[in-house]
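Naming follows writing order (A, B, C, D, E and F), and every chain is counted from residue 1.
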């Protein structure tokens, strides 16, 4: 039952890097508002905006053995995505594992559990999104799997999918949709740039988006 | 059922500005310890301390249409206060809406739901208090109301009431009580200034507040 | 029922100071992974790493009277540890009490409830770990006890025990175990230093910790 | 600051009794989907469906003194509605207080806190909706107010408003709206009765509510 | 983006019915301890044990339009499985929809949101597992999809998969694994039957499962 | 580090049985309102009221091996009390373990984690208090300890202490205090019996407890 898939197909890094520039919220909108992890996934330190290809880990509660196994499967441009098989706040990951991932070119960690050494992670500049921060240690006793489809924080992820993560949260883009997501995100960014300028000049969204008629049709009533 | 009240009576800005200097905790104490929103309302970025007059929005879950409607009702010195009709963590608000509010002189946003673009909001210096941060998008399909009485994070708010918000939380002062709140807050600040000096000099609160006798009367026992 | 123990035995400060350098996660591991408070105990501001001897307070919900009593029992090197008798998010503690503790040489506060004046606490450099931040005021009406054994955030604490707290959480070391904890922590730090260098050079944890055989014995399967 | 209003205007019991027959969900829909308490308000025992006029209590955390004060203000047909000024799970209420309320003709209790003696409450047939069940005792040290406007579980309530409560939750109807709510609820019940018969006969909601055209207009696509 | 797949492949009902007899916990163990929904999914009433084939619904928060669409896609032996695209506690479902499903032979509902009319659902004998109970109404304004892969309460589900639900929770079995799951579950039940008899006769699990040696090898120490 | 204490001193069963009759709330009050577990500890089925002597288990998250070890240490009149070393909702315990405990005369289980087979547990009449219900399975890989002091749901428990549990929650009485607790509880029950009769006759708590003067002294104001 415990397997490690060594060869996974990854989304192309050129597209991945383009998605990083767009950010999680824009890519989420461009994809039709699906694929976002639950809002309890928060950055351990603020200010990072990354994208990468997912190496996935299904892991037992409070047991980080499989993260050591997964490190070997990671390469330049990856993001490690870890989901426990039942909810757990223990600190699976700290600066030693981050050191090991960083030297392999891994861009960050996404884990629906706890991490520790958060001050050191920020100093190292290694980005982490997690549900909890906790010094609680874990054991190395029970297997899990690497590079199998998982559910992490409410989102389904296949190995090689694109992860886009920033201060707004963590977004998953299926690798087959990555190119389309990038194109749609760029269109959206261009459009937002124009809207931003008009809003900054004092125009109202009500007018820019031509909402007044639809609101009236729904029955919105203004009272002086 | 969906109405927008255009003309609301606001608390005078001179009083509002005075309350901003006092901060949420002091005003809360001065008002007799009522009017504070629940502690899950947290600043999206740290360090802002503001006060303003409430423009209120009652809004459906995961639908931000009415925020666009509300923007038009805002003016210099306002704070937009938004409460969904049932709990929701979606990201109703981002930097485009903040751009629109900022150009109108709005001082900040208080929302018992999610917001996104939090890095940009901090860069813009637009203060936001929310329950969640989330990139999750919303729709524009269902109406709500603007400038009606609402309950936000456990506090009842009428349009035009004063909102005082800082890193300690969000406080609501009914507009009829604003002047009294400011006076009582200033008295309290003066008193605290004196107490602070005595405590810093090593005096004990037990003595400054003359607590020893009351504690003994209640039966407090010291054991060596 | 309400007592204040004036004379408690404290762990030696030389050992306490050594533990501060090791940090919560290392000491937790060195102690066999017990004694950590729940992960909901978070620093009010980031970056502090302290250790001290516990002065404990069992306190009613939303009533901070006994903190004033406890201040007098604190001395140089202490950390005040406060647990309400039932869950409460009210703001028991602010900068006035911090001023009073700081002048006595107290190193920080650990409280499974709320605190306020968090901006001021950071400016003062007074470290606080709490479950909540809230401006909500408290009363002074009901007694509790000082320097009795308490449970705070899931950890049992006796007066005089060592508290080690940093951005990863809050750890409790029974005073009888403090010296052993320091020795074991230092051994661990030395070992980690060597491991870190090897990981940074590209060696894998799988090899450093010699995990491959045990993983295979458990049945881990690699699929190309 | 602590007041007890002795004379409040109550909604007429004839209307109140009519609303009890309609139930919380129907009245909520009839009122335009506003006025429902948060879903954490749950019946302590299942099967009761009541309505009554609200006697409101604003109460300190973990202090039930004011409930004793409120009992005297209750009369036949009332429901006691209690909200602590900050979140609290302590057991404010048990079978002794229920005995006292029952003898006065009070129909039930709604409290955003804890209660105890839940087996006895069920045996007595005294209905209670609460957020928590807890044996945790409370003190009698600090005042609150009776028959002032309160916020309970996210709903604003004025003294004398109608409370409708059953296994689905707790609904508040402003007393000025009670008659209209009853009429609209009855219309709704009649309509549901007809719909139920058609659904039971195998007709689809899609057809009964004539949704197919609107769904198609929105772009819903069927794929075989 | 909003699609309804009309023709899905379902697991055979003979196997489904066999799995119902085994119950969620046994099937979960037989499948290698994967596929269980989060423990916040609870039966609205106690005592049902069912299995069926999943008709899946991805639905907006607080909008139940797509449930009406999904009803038409359901047939004898199905279980409707509904997941909102962001967390929501509104009451999407009540006795009218249950009437409609029941007449089509649908065995139950699993929804990671709220439901209402819970007393009526129990009276009807229509089993429901949900995260919340709430009278809060929903709108019919925004589309979703039917019979697409979804994540519900942390579990990935494809249309036609087997759902096994009872008082212990909700389990998902991919349809390709259903036959194997049934065989493994029956083996497990047989084995448990024998174990139960031995335990009831006073034998210890330590001996039946031959744990003593492994415990000693791990270092377990008995102290008299 | 992993130890099993075989010989513990237990509170006398005659006293334990007396405490069972008093119930958790009464004993909690009689002990001065300390020793209650957090309100998230709920009965898996309603209606049991038991007391017993604690056999304690400190156990890893999602690993129930030590429960099998603990069973052997249990005897007539015991209650098994289990606390994971970090929060966990997995289903550690089901009807097989209950069968084993029941045959040894164990009165119930208290566990700050999950259990399963809840329908069977009710049928067997084996009382369980837990934080969660979950079918999620556990492993048998890592040791813990039996009959060491633990913290369970916020309460400190030593082996042999008395546990009193009913629908109101779970109470811990240190064995040294058991006799005093029983006496005080009986006094309290007698007093409550008299109060109940007076309340049922229509007297007010305000008068029975002579509260009016104290309320007036605090400043309570009645407004007609």
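Heads up, the rule we're going with is that a contact is a pair of C-beta atoms (placed from the backbone, for glycine too) under 8 Å apart; a residue touches a chain by one contact, two chains touch by 3 or more.
Being a predicted model, the structure only gives us computed values, none of them experimental.
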Note: of the two pairs B-D and A-B, more contacts are counted for A-B
Report same or different for the chain A and chain C interface, where same means the shared residue numbers exceed half of all residue numbers found there. different
Centroid spacing, where centroids are CA-atom means, of chain D and chain F in whole angstrom: 31
Centroid distance [mean C-alpha coordinates] between chain D and chain C, Å: 42
Could you tell me the distance, in whole angstrom, between the mean C-alpha positions of chain C and chain F? 28
Distance-wise, how many Å sit between the C-alpha centres of chain B and chain F, to the nearest whole number? 41
Can you list the residues of chain C that touch 2 or more other chains? 1, 33, 36, 85-87, 89, 134, 136, 142
Which word fits how the chains touch one another: line, ring, star, complete or other? other
Pairwise chain contacts under the document criterion: A-B, A-C, A-E, A-F, B-C, B-D, B-E, C-D, C-F, D-E, D-F, E-F
Chain C-touching residues of chain B, taken from the complex the two chains share: 24-25, 28-29, 33, 36, 39, 42, 46-47, 49, 166-169, 171, 192, 195-196, 199-202, 204-206, 209, 211, 215, 218-224
In the complex of these two chains, what residues of chain E are touching chain A? 1, 32-34, 36, 38, 58, 85-87, 149, 151, 154-156
State the interface residues of chain C toward chain D in the complex, per the touch definition above. 60-63, 85-90, 134, 136, 139, 141-142
Chain C - residues contacting chain B, complex: 1-7, 65, 68-69, 71-72, 89, 91, 94-97, 99-100, 103-104, 114, 116-119, 132-137, 140, 142-143
